[in-house]
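What follows is a set of notes on a single structure, which appears directly below.
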């Protein structure tokens, strides 16, 4: 049934919360879990639940996503009539480019031309394994025009400050979207997933453009809430909302928790990504690896603890790596020490160098 | 041997010479010859001569080329390690985006990372079947650092005003690039094809960026001409240089000349494009088609003369089409008349309507 | 994947098609050209694609080079997938012995492992010999609604021709009560189209049982389906409405091509929602000359028509020179009809050059003449007859 | 295309490999797993890709399901091309009779049409049974420089083992003067690697000639090459330097896996310029637990290692539970070694669950034990011996 649904991957620009990590790429292209990009999770979840036509609104930093998605082959999206559509912004309207309503408007032809009856919109910066088949059944069973997905969180005082809150009434009907300012621990995190009838989607886009009142689709939904039957679906699984370096670091480290790891990787379908054909990882005689996730293609001669190693990382003899994330191709030479640090792609830490970040506030190199 | 060469497709922005035809797409995406886009010719020629790694610098109107090239499958460019790279401009530098040196500079990694030793740059707005294998052999045999391709034209007074002129000495050595102002009939049209050693290419890019003196690669070549061995290759075949509506119209109409048609399509390798799987064209009992090129998928019940019909055009009973170009899906209803006109995609001319342009200056609808 | 497509299509494409004579001398019947740009198998393959079938196995055995080259990796029908997609399934060896496919059922029997590996729930058996457009989803839906073990697609044929077909006798609910293979006195005109949908577990059981029966020819129509009916399985007939033609003889092949020129034949190639896909040849548009006449004809890419073409189907890259006249004919790819030659009801094979100023085949004659492949000039007025 | 790649590779992948026992019970030898994530055939396929070979035909015949599923449309090796690319070539029928491949030369003979259709100038014959990295362009270049009719890739083997191989006796220019098949008293230690490059027109002539010889076994080594030498063709030996291993027995298979753990073996999998490609399984990174020890081992994606692993190769998705110890072993995909169990020199087949607290295989024993597939607990101390 989800074959009748268009998948839309679209994000809100959350600025420069990531420093050097996002200088040349959008947040959804951040490497994650040793071999993935954030966007792989949303894309794979859509595919695993039978969505065959997927549109990616890239935002202005296009090159990295073009390179990653490429021909769509790893996701079997290199199809003739369906498959992957990539929509970069129109350059002529740089001012309005970050506003999703405008992006949808300029690609109206794509939506109108498709035979699909429904549209499912998701934000690739939020990782989860929401059972989209279940959401879709709920949407159909309740006869909703729009179903939004949320997760009840109980750490709203410490985390998720400024994240979108879904306000619903007792029957689960949509009331509004607010912002969590941390006043209460328990709140409903709006997961930026919207399932909507295509005709309603198009009506809202047109109304949004015509009135000029809305620049974000979620705003428009809230504004027109009385015109449509909007309900909500509660997701009970694990959610990672990547909003800055800290949440990015924590989301990676959370994978060392077996339950979270299993939920994200082993349940509810495979996460697909581009393979780089590395061989297995080699552990040398003197390697000591503990409680770590290690991607393929690494050569480990030193000590690694509580860390995530991406592909092709090399750890030299007697080197020590702790509580760190090492991106693809990072090299730690002999006797170097790396603690509480995020190391960028292909960075080399020379012999004997120590890099030590503060616990809970990782240093980024 | 051309396997050791990177193909680069890059163009100069020639503004709004095309009116509505190029509102949403770059010039190289103009439909041509019933089923092609201009860019197909340059791309296919590169592939037919063994270039396996091709970079397309898209310019700012990206969506149409992304949609056309897609996964690169029709050109067998959906390869793992080589194949197609698409480089849209960086949005952050809108001002400098039309300058090719800057574009090459921002993708230096791509050039440096490739194992290729040579770079071949071509402009997709210039159609020809230059034998690249021969150009490459000439380049190697003469030990050149750079070889540029030109065509001796003898209609410089009437056509090709403002086109680039290649100035060479008697031995064919590069002297400069000028502009044809129409003072002499015979001039050397610079075909915007440059074959260059990769190391020299990178040197020129870097020098161009560092000194800030050059924004176009061809300027830089001229400025540094004394540092390198630059020679020229004369092409003797047919050239179409699409610079405006008139040259676009003429280039299409020239295909009704069998010699030109054969040279562009039947000699020197197949022109590849995306197939749209139309059935054959059906000629009804009362159709009268004369001296015309007809793409597949058309249904013709009326009269067609000296015209180019793209895919899926419908010509109704007793309709008359003459000296016209009808793009994909155009519909001419019963008794309508269309003369000296370029009809855009999916435009319908209603029953009995007459649209008549001026000879030699086609009307665009 | 959480949701896998649980229908596996098995396309029988091993037929030699010897009644098509010259047309199948070098190639398997499913690879024979049809309709200006297609091959016969394209119709079934495109039906599968358009019906959303994700897995299709193609059973080949007879001269498969051209068929394999045509199918390639299946990208033309969008079957070049990493999971599922199209697989060509020729016979193979187990241990030291190997078996050729000895019948339609045996071909499926030998590929039980393939179907099992795809976790199939339903198996759709297709043949590559027919020209038709069918949404197999409708057949599957009917099969599921009836909770059937087997559902057979049927079509009403004219009563006078019913004796040529496998006829299904059904009750008021379309439940099959009897098979009547080429009956002398048909009691029904509902003919089997050779398209079956089975519950895989049940089919597997009967394939294994049939394989043990030494007297069986291992054919669906003759052996497996009657056995299943005898043993009380729920078998239904689903009635297909639309164009359907078996192109098993030169005459029916010619007729089916001519049907494409008739707007009322029921076979519309121009429907964008049900494209017939084929391997593209990357040819430029067709050129129609200054003095040419083209009427009631299908002309394909790459053709050059400078003469006269009436009621004909002309394949890619063919040339009809000035003064040549082609009537009621089928001209295959890259054939050349030289100046002044007149053809009537001819089938001109690929790459044939028909010499100038000949009159080939009599006018108003009912025979269809085949003009041989190779650049040989044809001197005699008639070639082989069907 | 103006320039077509004029080399066609033909990869013989029909072998049963019966000396690999349990490993080839269900699958063809080229499909046997190797080196943590590969199958044996991956090495030859990747060599072909990395050597810029554009056309490759894979000759299969024995239990091809798993091999076919592994190869798919060839996209992992970048062979999913529209023109050329990879084609699987099983035996087929001509007219009413069909022939299985009866020998290495016969397999090529039966596919003469395929090679002709690609307009081949040279044919590179490969076998899918060896572990090695070779740039076939060097072989071709040598062949062209020598203006040879045939060039055979050879490798120096230890003198004491030369009697096991096909030995080539050559003159000072490396021109072959004599074939010496498994000689008792070898006069040379230059062994044929089973990799040949032929000029296609010459090979075609001899394949046809050999086919007519009823006493021939239609084998390259035994029949075709000696005949060509007798008839005075220019045949050269090209000497390959590098790692090469025939993995034809359990022992050589085990040794070749262990070679991967030795930095000095000459087989470097980490060379980015010569990747060995294989079908990816889309698994997450491996997890190494809080108390685990991993030494001198290759561990692949999707593994969970909570115990101790020494000198071993562990395939994707395998689990070594806490307290389990794996020494000098090869653990196939998704096998589970339960708590407290100790393995020495074992090969654990796919999906096998090895029960807790067992000691399987004796320490310091030279035998290699195979632990069977299926979730059966292994009670006895030793399983099958090689």
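All chains are identified by letter, namely A, B, C and D, in their written order; residue positions are counted from 1 within each chain.
Criterion: a residue touches a chain if its C-beta (ideal position, glycine included) is under 8 Å from a C-beta of that chain, and two chains touch if they have at least 3 such contacts.
Just so you know, these numbers come straight off a predicted model, no measurement behind them.
K.L.:
State the pair with the higher C-beta contact count; candidates are A-C and A-D.
P.N.:
Pair with more contacting C-beta pairs, A-C versus A-D: A-D.
K.L.:
Quick one: point me to the chain whose Cα centre is farthest from that of subunit C.
P.N.:
A
K.L.:
When the C-alpha atoms of subunit A and subunit C are each averaged to a single point, how far apart are the two points in Å?
P.N.:
So the centroids are 47 Å from each other.
K.L.:
Quick check: how many Å separate the C-alpha centres of subunit C and subunit D?
P.N.:
Centre-to-centre distance between subunit C and subunit D: 40 Å.
K.L.:
Which positions in subunit C touch two or more other chains at once?
P.N.:
75, 80-82, 277
K.L.:
If you look at subunit B, which of its residues touch at least two other chains?
P.N.:
Counting only residues that touch two or more other chains, subunit B contributes 73-74, 78, 270.
K.L.:
If you look only at subunit C, which of its residues touch subunit B in the complex?
P.N.:
35-37, 75, 261, 269-270, 275-278, 280, 282-301, 309, 313-314
K.L.:
Subunit C touches which residues of subunit A in the complex?
P.N.:
For this pair, the touching residues of subunit A are 3, 47-50, 73-74, 76, 78-81, 133, 268-270.
K.L.:
Considering the complex alone, what residue numbers of subunit B touch subunit A?
P.N.:
So the residues of subunit B touching subunit A come out as 60-63, 66-67, 70-73, 78, 83, 85-92, 94, 97.
K.L.:
Which residues, counting only subunit D, touch subunit B once they are in their complex?
P.N.:
1-3, 52, 78, 80-83, 277
K.L.:
Quick one: in the complex, what on subunit C touches subunit D?
P.N.:
Those residues of subunit C that touch subunit D are 14, 16, 60-65, 68-69, 72-75, 80-82, 85, 87-88, 90-96, 98, 100, 113-114, 117.
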